[in-house]
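These notes are about the structure you will find just below.
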Amino acid sequence: MNSENFTLCEKVVAPSYVRQGSQARRGHEQLIRLLLEQGKCPEEGWSESTVELFLNELAVMDSNNFLGNCGVGEREGRVASGLVARRHYRLIHGIGRSGDIAAVQPKAAGSSLLNKLTNSVVLDILKISGVRSVASCFVVPMATGMSLTLCFLTLRHRRPKARYIIWPRIDQKSCFKSMITAGFEPVVVENVLDGDELRTDLEAIERKIEELGAENVLCVHSTTSCFAPRVPDRLEELATMCAKYDIPHIVNNAYGVQSSKCMHLIQQGARVGRIDAFVQSLDKNFMVPVGGAIIAGFDEAFVQEISKMYPGRASASPSLDVLITLLSLGASGYKKYLSERKEIYSFLAQELKNLASAHGERLLHTPRNPISLAMSLDGLQASSDQAVTQLGSMLFTRQVSGARVIPLGKEQVVNGRTFCGFMSHSNSYPCPYLNAASAIGITREDVTLCMKKLDKCLKMLKKDAVKSSSTVETGLSQCFCSLSN
Amino acid sequence: MNSENFTLCEKVVAPSYVRQGSQARRGHEQLIRLLLEQGKCPEEGWSESTVELFLNELAVMDSNNFLGNCGVGEREGRVASGLVARRHYRLIHGIGRSGDIAAVQPKAAGSSLLNKLTNSVVLDILKISGVRSVASCFVVPMATGMSLTLCFLTLRHRRPKARYIIWPRIDQKSCFKSMITAGFEPVVVENVLDGDELRTDLEAIERKIEELGAENVLCVHSTTSCFAPRVPDRLEELATMCAKYDIPHIVNNAYGVQSSKCMHLIQQGARVGRIDAFVQSLDKNFMVPVGGAIIAGFDEAFVQEISKMYPGRASASPSLDVLITLLSLGASGYKKYLSERKEIYSFLAQELKNLASAHGERLLHTPRNPISLAMSLDGLQASSDQAVTQLGSMLFTRQVSGARVIPLGKEQVVNGRTFCGFMSHSNSYPCPYLNAASAIGITREDVTLCMKKLDKCLKMLKKDAVKSSSTVETGLSQCFCSLSN
Amino acid sequence: MNSENFTLCEKVVAPSYVRQGSQARRGHEQLIRLLLEQGKCPEEGWSESTVELFLNELAVMDSNNFLGNCGVGEREGRVASGLVARRHYRLIHGIGRSGDIAAVQPKAAGSSLLNKLTNSVVLDILKISGVRSVASCFVVPMATGMSLTLCFLTLRHRRPKARYIIWPRIDQKSCFKSMITAGFEPVVVENVLDGDELRTDLEAIERKIEELGAENVLCVHSTTSCFAPRVPDRLEELATMCAKYDIPHIVNNAYGVQSSKCMHLIQQGARVGRIDAFVQSLDKNFMVPVGGAIIAGFDEAFVQEISKMYPGRASASPSLDVLITLLSLGASGYKKYLSERKEIYSFLAQELKNLASAHGERLLHTPRNPISLAMSLDGLQASSDQAVTQLGSMLFTRQVSGARVIPLGKEQVVNGRTFCGFMSHSNSYPCPYLNAASAIGITREDVTLCMKKLDKCLKMLKKDAVKSSSTVETGLSQCFCSLSN
Amino acid sequence: MNSENFTLCEKVVAPSYVRQGSQARRGHEQLIRLLLEQGKCPEEGWSESTVELFLNELAVMDSNNFLGNCGVGEREGRVASGLVARRHYRLIHGIGRSGDIAAVQPKAAGSSLLNKLTNSVVLDILKISGVRSVASCFVVPMATGMSLTLCFLTLRHRRPKARYIIWPRIDQKSCFKSMITAGFEPVVVENVLDGDELRTDLEAIERKIEELGAENVLCVHSTTSCFAPRVPDRLEELATMCAKYDIPHIVNNAYGVQSSKCMHLIQQGARVGRIDAFVQSLDKNFMVPVGGAIIAGFDEAFVQEISKMYPGRASASPSLDVLITLLSLGASGYKKYLSERKEIYSFLAQELKNLASAHGERLLHTPRNPISLAMSLDGLQASSDQAVTQLGSMLFTRQVSGARVIPLGKEQVVNGRTFCGFMSHSNSYPCPYLNAASAIGITREDVTLCMKKLDKCLKMLKKDAVKSSSTVETGLSQCFCSLSN
């Protein structure tokens, strides 16, 4: 309420009580003021009531909520369903304009503020998470793959001749497809085995660049976060190489914001060499629904170029989700999630190690992967051909989600290209294995429960193997080995 | 509740009352059954309680809501904020898989059902709205422009050599950018003046095709819904031409679903010639928040090809919005909106005509445009140079939204290309004018209020002109002529 | 947002857009201002967004929502469940203080405003609905019966000797119990038959007063709204009589606000004689959940005395519901409901008349009852003893709710007193009958559907009677004749 | 969804995924089954989604939500405002029938279940909290005071001659008014000073009983939870005395459920003597909004008699709130709150002790009061006459809520009776003091922040005293000494 209305309230209830209420209102306004002034994630999280107060204030500024508005255009933010209006806090106009997804809409000052503030708060969080020198970023309502596509499409206008994208292999379909969709030819560079780890083959990449000619290479497309035993790409060396050959460098940092190691790699890469943009998922890093990504970079002009490449308006929903989440958590709440994740990573590693040794397997040694772990399944494989895929299906039906089982030698065709040993990032990884990850939001209970169920499944499979009656639960198995893609 | 629980209830309250309650539950289940069986929009709209019951049932089927779930993957549908979880009905996993935006997710049976059913219901509505022979469609969480881009990117794989897209001019930035972003060269074909109407120049298009060589043309990119005095493209003739030259044909049907004329054009085009895909906005046709589109076509395989081109998962938010809306309205409710829109179009036309003649202007004669109308502003232009743009800013500050004012001879550079007479779809339309549209959801009050305010503004401007003191409210004017883009 | 924050917004998005947003905010504030200034129901209903904005503003003023609050009392408005907090808009402190349910709470300026404004808006609606000279009223979170009890308990302090309450018979248990609970002895005065109507026996009442001695009579407890063939009590004459004998007069106006006739009776009664308080249900008159009532009167001091009689704080829930409802409807919306109800009353009367004559029955002639109608069931009764009660159970299982079936000669003991012909307000009404009412919110569909089902049931029962195999559906019948009490 | 619909789902998405979803649904059903079977508070709290699923299931069973319902009664559960419908989960019919607030409504099986289950779950919690032998209870939508009134009104029918209620003094207006409102004469028995504690004067009570004659005493009305230095009444002795003289005994256990001591006193009292009913607040014990209470007793018939005394239906809102809260917390969650409260009580005691000694005051020694503490204000009183009340106002404006300041010798008239030393439960307590309580839901932060602010205020007041310029902030002081009543 404005001051005039507060004064009127004083005629209804005692002025001293109203004054205290109006003071309390200023408390909320003060938090909003800080946000507007600094454009940063508040250190302490806001209460639900402050968050909703703020969103309602934004909504009031959009023309579809003007009490005296009359609309004679083709897009007026009308909403047929009350359920829909409410779930979007009556913010209906989306974000951006036809020219630029980051642009301001005259009809929707509130939604425009939402958009600008979200990008600003997210930038702050990227800095806090380790990429101190990031210059600009924006939230886009597309998942990581399509966002990478948008980056490649933008680069096309800078490098009209280039046809190839050099890509250290990572077996996730959407990464591969992001290049295909953009109309480029991925040049897959196999990883090298280093102990148990699969690492970037720097020499092979440099060879490829020279072979194809730097001017024909659109960019290097590297990856940080990935499933063990693959580890994050060697960003420093790749960035240096890109600088040397004047080739753009796009980093797929899908769920890397949650790991200080991944963020550090990007920060270092940008410092010593060249990183043009790095892309991260909203849902995987900020515990919001699937469907948004952050495109970030070290050169504001280039980031803006990408944002201008998106034709038309876009859904505000992912921006709204991440803004609500970050305002509610505050920087301190987010950092707490990060440190808990790290702790549980160690816990998970220890538990997996114990379990592995109890079953005659071993935890693969992949210290460079800060999120994902892998446990060998050699023994299981030996016991029966189908046992490995069967384990996957058994875990699924026991409500263990996210545990991937990687059999040996699976072949898969993706957009016309055959990948040997698909899912293992390698033509011939030495052993089958199981993946488990400590991702943001995981709890100790998740780990404990998963270990218990995994233990049971492994025991059952062994018994089955002895009886050689492995018919139980095989029906489903074939379709589950690729579950997590 | 299941039957076991209903039986238990009978021990708490009288069995006859419980039985009636359980029967009532079956009433809701029956509606859901019909939806699942037929995949069609229900004829009568559902109550809010049935809609929410259904969404809750879907959510329960997603692994993030399993009571005993333990997650050790990198994407587990965790949500940090209760506000966010609730506004998405706890449907967190989005839609699609890395391989295909229409694919089913093992972790999220509920979200997968949501996705499939939405596409099915939307297909039904496209048929009801006039494109009887549409074969397949899917909702994509990107606005129209980016969806068109996806279509063009898909065609690239079919026609690797093609570089050009033939495009009858329509002055909306995102249409133009959709081609640029996809990496193609738009070949802009000017419209021809036919009375007051701007229509497709069929001869010029055919000339262009022959000039460039059909094999070098990726597709013809035509438009139905547009601002008067432009009218929908001559789809039948274009489709026939595309068939003749074996060139794909993509139709931008942005807000055309709401008009039986636009839908009829598409239906006819596909019948007599070739239309590969047509794209429409969710928000403009279904009164949901900005950010989604429907990509539809007559060949299921091609539509699927497009859906497989989207790399990675996607936001379920636009699907959820349109499903809630259509289930709530029912087919009958949607049809009622359509017929009301049509009626108000006639009302708006009459009102504008009266107003125009009162001010010495005239309603442009554009009977082929079923949605948008235009009123000349010759007299206003004559009174003062700035008066036309000033009118735009005056309407804006008076909360008339969507009324576009088109001055003469505006030049604009879009992605490096200069458009003369920008916003008027023509290098030199004979007169300045004002647009108003009767779009879905418009009310008689919108029209009446708009006419009143417009009348006042025109009177004020005339007085100003007399006084030649047109300084009032000019500050804003320059930025408002391009408002509606 | 306050002006400081709006200014900050102008640094993020264009000042002209922000200015428009801030102007829009003033639109909502203006509505709130009018409410605070005048304390009246707004003529036009508010949008959901204004209502919620307002409620959020109130909540912010309560101490449990102060950001810096620390509580060391025994009642701090803490809420354990987010679901609960949200459904009450975080207004947790209830209304009133230990001294007075209408008093202001220092800890809860917002809830106190809610309470005061609700009472004020409700008072306005009582005036609009016909009791122009009502002086004061308050909402109490108890249903009509308990609210009557509170009135009687208050009167006890004024008339410590009085033991009797004179009560023209109305067969609704809670009316009778309201007197028993308060500790008084109801003196039941039978109604007289006047044509089909049952009317107040004025002479018998006067006789009773003289017999008992006016000083021993706590009050006359009369009723307006009731089931036909009983009609509203003769308030003018009763009020005059009460004035004459100096006896308080409490009117049970349960669902009478919706009828201009009932309201007119009260207005007239107070004008010519004495009415101390009249009590009406919130749910039955304002379409809110069960559980609240309005206690109103013509002497502010007496109404305040009643409000001070309620010991302790009380739930704000009914106040919140009725305030939301009235702000959303506006006076015009509420009046529209009233006139629709009246129209449907005529429609229902006509339909019932037709149906009755088709089945050899008749619509009882009860023109003085403006809400409820009755159709004789003589023929049905003749066909079989159980047929009448069976009809009740059949209607129930066919989801016709609210249709009461009144058999002949039912006896019932209520709090130790035997009522003959219970439910018919008379020891011996001449015929069995069925009641149907046109109450606020009823639709034409309700009537049409009810007539159709009733017609079917009557036909089935006749057929059964012929076959004399009336065993179907009798199991339930005995418990349904008293359904509506 | 029912099994038929699940089968249909299998045609849309893979059967194995659907099967898992349907299994997940059974998980929720299982929790509901346990609740229905046992009628107990679940040990572990339910997730929000289970709670909402359950409430939606209940709502579906009420006739106002029947899809084919037609209503021709005067009370059909119609709701005009969607906001209102939603906030009540569409449970509109309230609880109870005209005959009995605990009765089942034929029109509303869902609301009836809600009512029965709430009473059952609440009974379980009373047992868990220490009154093991409680036989029956029900939730009533009235605060503690009015609920006590209802108990007294019920007793009147058992003891028609009795006029007095014997009441060991407790200075809370609503307790006193509860007797006045019921029409009885409170016989106030002063407490005796025992060290710092104010305790029940058993001898004086027995004297009073004999003086008045047991048959003229309606009941003894004792209190457990109260502000220090008063301590809970000596229930064992009182109960024994009531048994001896055959006098009913009603216990005001307002916020005593949270304290094992208070609950133990009741359990013991009932074991060795007579307790007819004990009444507790919902909001103060279960962190729900103000407005409900639980009436409980050891004789099921008597509790039922009280529930039958409530005339008419009642609001379901308090029942709904407490059910949501208890299902969400689970027994374990509630017990955790209890043990935290206890710990913080010790913490608060220690902190207050330290603060007191730092300011030359002392923590009063009141070990028998398990919730409330008191710190002397002798020094402050000595410094200035107004200082004590001024402290109250200072704390209020600094957002310390619930800290009561009790000056010496305040006189107050409540319903015509003058209380000396009002608020201190004594005509002449030796010193002024400040109260702070450790009530359920309190946090360590509350205590720490309160101590800091209190310390500051005391320092400021001392400085003021020195300057003898105590004009600041005195304006408000007079109205704040009675804040907490």
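Labels A, B, C and D are assigned to the chains in the order they are written; within every chain, residues are numbered from 1.
The rule we apply is simple: a residue touches a chain if its C-beta (ideal position, glycine included) is under 8 Å from a C-beta of that chain, and two chains touch if they have at least 3 such contacts.
As the structure is a prediction and not an experimental result, all values here were calculated from the model.
Interface repeat of A-B: among C-D, A-D or A-C, the matching pair is C-D, sharing over half of the residue-numbered contact pairs. In this structure, the chain pairs B-C and B-D differ in their number of contacting C-beta pairs, and the larger number is found at B-D. Centroids of chain C and chain D (each the mean of its C-alpha atoms) stand 29 Å apart.
Computed centre separation for the pair chain B/chain D is 56 angstrom, with centres defined by C-alpha atoms.
Note on chain placement: the centre of chain B and the centre of chain C lie 48 Å apart, centres being C-alpha means.
Of all residues in chain C, those that touch two or more other chains are 14, 16, 20, 24, 48, 52, 63, 66, 68, 82, 106, 396, 399, 479. Of all residues in chain B, those touching chain A in their complex are 48, 51-52, 63, 66, 68-84, 87-88, 91-95, 97-99, 106-107, 141-146, 148-150, 153, 156-157, 172-175, 177-178, 180-183, 225, 227, 254-255, 281, 283-284, 286-292, 309-318, 321, 324-325, 328-329, 337, 348, 371-372, 396, 399-404, 414, 436-442, 445-447, 449-450, 453, 479-480, 483-485.
Per the touch definition, chain B reaches chain C in the complex via residues 14, 16, 20, 24, 82, 396-397, 399, 476, 479.
Residues 1-2, 4-5, 8-9, 11-14, 16-18, 20-22, 24-29, 31-33, 36-37, 39, 47-50, 52-53, 56-57, 59-63, 65-68, 82, 85-86, 90, 104-106, 109-110, 112-113, 116-117 of chain D are the ones touching chain B in the complex.
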